[in-house]
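Paired with chain B in one complex and with chain C in the other, chain A is shared by the two complexes that follow.
Up next, the complex of A and B:
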């Protein structure tokens, strides 16, 4: 036999008068203009893109939208090329981030060890970071130009006769290298900031306990700066997923689509083919990927109690 | 009892309102019509050129030689008409974006547009003014019969779209691909080359592409002055399609049925792609073979890249746009020759890549008339001649009559202060229908173009055979064409 009983807590709760509905008070009203501006800058474009993803977008005689149902989304999931673009993006993402983290930490450790001339070395190290990505692309293109490029000439002296941007593998490696060259200094800078905060007594204690350099690095230094590294990873990850300039300037996505990643495809779809409906779908997919990556890192930070 | 917080808005309502507002703005296209522009004032004056004095026109153009020349002469237009002209020059893809977004705004921030035949004229034909209207207006200088003064091929390709008689642009820029070669090297090695190859190697349409291939190989093996015999613009870029198209048309291949008509006049529905035909497969295989003996760096060069390599003395010859003649003469004075491209089994085809100058269809009536004055002046005989001889120079006339002038005819021989005119015999031949090559003028060309050069790039990288590349391209182009042109529907 079963009987329906109401738990005392529930009963007590239902007996309470309904809580007052929360309203926006004075503070909220003061913040309203700012929030409205923020909404105009974020909510409006977002809603527009969602609407566009379900529409055919016409340009002539003023922007107009025709409802297209799920056709743009269906095309996204059946586009034979799209899977390759995402795969290439993922590979590019892992390679650039991985190399930048490893090289950035190594460089930071070297600079950290420097006693004399640290500021000078650090200043020189940071220079690539201040160059606009499009200029990095142009610089890279000139350096590997087979007619006038310094790197091409050096590679030729070393016995590499091919054209760097002409081969599928070498072109991909080249654009990865250009990004790594530009952004490794940022990781080094952030890491260096973390390294300077590693407590000296802790390192001295480790040294007294007989810890070698590798052991100190592995058990004292790296755990101490792991939070900083995570922040660096988050910053670079958000940037790497929308990488565009260098590829557009150097290879245009080629050869044989070897360097065509999703942002390049998005740009092409929107601003070469003017197919804004389909471009909106690709853009939303990129947004989703960014959110997933960002959430992953934020959750990791949260676990360490650093997100708030 | 008075509610102490009567005006309070719930958080949910605020969010809902914001979303609804956003949706309304997004869905209704409210953004496109936020403001209205006033038309320019028309003055009563006896001089028809000065009736819009005081107004300002904006002209957006690709950064090409004619626009540099026009910009240098713009003050003369202002003196003649009293109209101020602002010229914005951009790289082609940036220009196309500006034009598309300006048309989408429903306004006319740019009244005068550089109308690339494939990326502006074909896709946005409905957004351009039919120039017969201002040309037929008796209150304005100029007349419709003037259209016949332009080189006929240029008038059709750069000025018209579809089967109608409408004139949407005036020919303004007439880039044409021709054979550019090291005349000095061809002269030095002429006898040896002729003896080894068994034919007269003098460049011209009497040569075949197969002979071009053998000449290139001969240079690779026998001449130290250049690193390679031939260079090409085979980067994964529009340039690759242009370079390949010369070979394709020469072999009798075409992109769509009735390719001549689709190339010259344009079409919205061009029919099924023909790139899987035997002629196209043969052309693709030849092109792959040609690139195997070309400078390997060709796969990273667009037209600028191959132009720079040629001027640097890296290659002995290349197919490239005739406008590079000025750079060639600066780098290799007196050493470069120009000819129509070699023939294939069917013809010698020289890709025409000209553009027109058009009026934005969103312009107000008087603004449109003022814009016509600029078009009229910019393409006039006097201005074109000045652009040819002026300090900036470099532009190539689009009016047939200019080529008959004695000073222009004499400039076709060295020494000359009009280096572009050294190419005149070659390009004039290339503008004859039997020597011309025109890519399809269809609204969705940019996407088709991307599919074509991507597959060609795959073929050159060894990721696909020539037949596979052509068949895959055919499928993609058919898919793109069947989707139709959305942006201007």
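Up next, the complex of A and C:
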């Protein structure tokens, strides 16, 4: 893995200003501690979770793993509920990512046109990104609390009186809205970086050729930031798979499983029902999904010749 | 190299603004750095203004409401009609540290776990990131991919096996256990991001340092590191924010000896109801430091949060 090829022969040649083999040895030594720790923190758990997925895990009276063959996997592929959890997860991702992309790009276009006060406005718009997701959830609960919530009071003035987190549809909408609240600024920030990098002469040439504002946006500006938009989408997609804190502290997957996305299901399976073997299978499936996204991300950077 | 290079665009926009100014007689009140494209009509300007006002309301109202509520007497919080005027009180903040509620250990656990993992990530990440940036090894691409994919692994899939492993070696409910758990996402993040920052430093600088008689280590320590100070600070801040804001790991791994502030916040949710005043006070406590830290590195936020794929603002 690390190529620490410091050998006696290279040491003997150290009078050379930059002997190639010695450089490899140096960079290898630099990488060694971090890579070794990361390997311990990822390879070991990976092996463990694979073993778990083929086992029945007992926690009481000391940890023991009983070989269970393919039973966990068979259950995963035959569980009729599982399909629904994945579908709901897909819907949740498409909705949150879609809304965040559209709103984020629109927001960036607005901020882009600001000349005065741009830094201040942008700084304020970015604040939600730094809020712990668990607090976004708890704050959301506070705002839509049926008796004292500010937003539920507002909704009541508008004619909607129900308990937001109590209804299946409204609860789903609420957790989507909380995620959108927190992460739209990230998309806007990345898009804005793309927008400010569109060369001015290019925009001027378009305007000189008689392109209208909308045409310039559609045919000049958006194509030149398509890479940046893709990066934004992939970054967000990766984190969307990782976080589930908001749902965990607001609806806990309910009501009637309306907001039970796969990671919530995994936590419940493992730490409420203590079915670690089955949870491991769900975890591996999620891992596979995230690796596909990571591959796309790296491929895209590679294709543009931008791999570090 | 990066997807977008804002250095170019900045250089281009300075002289470009001049030509735009010469050409466009109707640029008007909006400054001289506009191109004809940005010559927006009154209608568009109104639409943009309204949209931004709505966005600011949507963004800030929950935060302002939390801040206000943390200073409200409980009766004002628990009234059905929203109360905007009230006599401020510190009872929720003092309540966090007195009368059975002892927030200090939670705060300490948070600082130790988040700070510890951020410091370790930056140190190990700087070494490994530099090594990776300068290495000519075969399989470097595979190594990079492996590093980035560990950062993107779903927390739920990592927590599961780590829980069994930590249980076996007695790391459950310890601060070092949390630090290790946070390293699973902060270390690959730091390696990848710092690799990006180091890759931007011209190798010629180190080579001339070596010609001057520096060792590899001295070239790294005294030439490269000072040039990437902003990268190191950004990496540290982002690692700190990720770990400080964590809930999923702490939920499973922490106990009375290691619970962090987000856990303290969620523990206010009880069967008998929620003390919203205290929750808002804890929330302010958790959120404000991270906002300040995040805004302090705003210039490099894009680079940091896109793991170096997009630069500049």
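To be clear about the criterion, the second predicted complex is superposed on the first by the 255 of 308 C-alpha atoms of A that agree within 3 Å, B and C clash if a C-alpha of one lies under 4 Å from a C-alpha of the other, contacts with A are read in each partner's own complex, and residues count from 1 in each chain.
Definition applied: contacts are C-beta pairs under 8 Å (C-beta built on N, C-alpha and C of every residue); 3 or more make two chains touch, one makes a residue touch a chain.
Quick caveat, the model's predicted, so the values are computed rather than measured.
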{"item": "First (chain B), second (chain C), both or neither touched by A:90", "value": "neither"}
{"item": "Which of chain B and chain C A:52 touches, first, second, both or neither", "value": "both"}
{"item": "Partner chain(s) touched by A:27 [first = chain B, second = chain C, both, neither]", "value": "second"}
{"item": "Contacts of A:256 with chain B and chain C, given as first, second, both or neither", "value": "first"}
{"item": "Touching partner for A:82 - first (chain B), second (chain C), both, neither", "value": "neither"}
{"item": "Which of chain B and chain C A:101 touches, first, second, both or neither", "value": "neither"}
{"item": "First (chain B), second (chain C), both or neither touched by A:222", "value": "neither"}
{"item": "Touched partner set for A:131, first chain B, second chain C, both or neither", "value": "second"}
{"item": "Of chain C and chain B, partner touching more chain A residues", "value": "C"}
{"item": "Touching partner for A:44 - first (chain B), second (chain C), both, neither", "value": "both"}
{"item": "Footprint overlap on chain A, comparing chain B with chain C", "value": "22-24, 28, 35, 44, 46, 48, 52, 57, 59, 63, 145, 147-148, 271, 276"}
{"item": "Touching residues on chain A, where the partner in the complex is chain B", "value": "21-25, 28, 32, 35-36, 39, 43-44, 46-48, 51-52, 56-65, 145-148, 161-163, 165-168, 251-258, 268, 271-277"}
{"item": "Parts of chain A lying in touch with chain C, wherever the complex brings them together", "value": "1, 3, 17-18, 20, 22-24, 26-31, 33-35, 37-38, 41-42, 44-46, 48-49, 52, 57, 59, 63, 106-107, 110-111, 113-115, 121-135, 138-143, 145, 147-148, 150, 153, 181, 185-186, 189-190, 192-194, 196-201, 203-204, 206-208, 213, 216, 225, 227-228, 231-232, 235, 238, 241-245, 248-249, 263, 266-267, 270-271, 276, 279-280, 282-284, 286-287, 289-291, 293-295, 297-298, 301-302, 304-308"}
{"item": "Complex contact set, residues of chain B against chain A", "value": "5, 8-11, 14, 18-19, 21-23, 25-27, 29, 31-33, 93, 96-97, 100-101, 103-106, 123-124, 126-127, 235-237, 295-300, 305, 308-309, 312, 314, 361-362, 444, 446-447, 450, 454, 457-458, 460-461, 463, 486-489"}
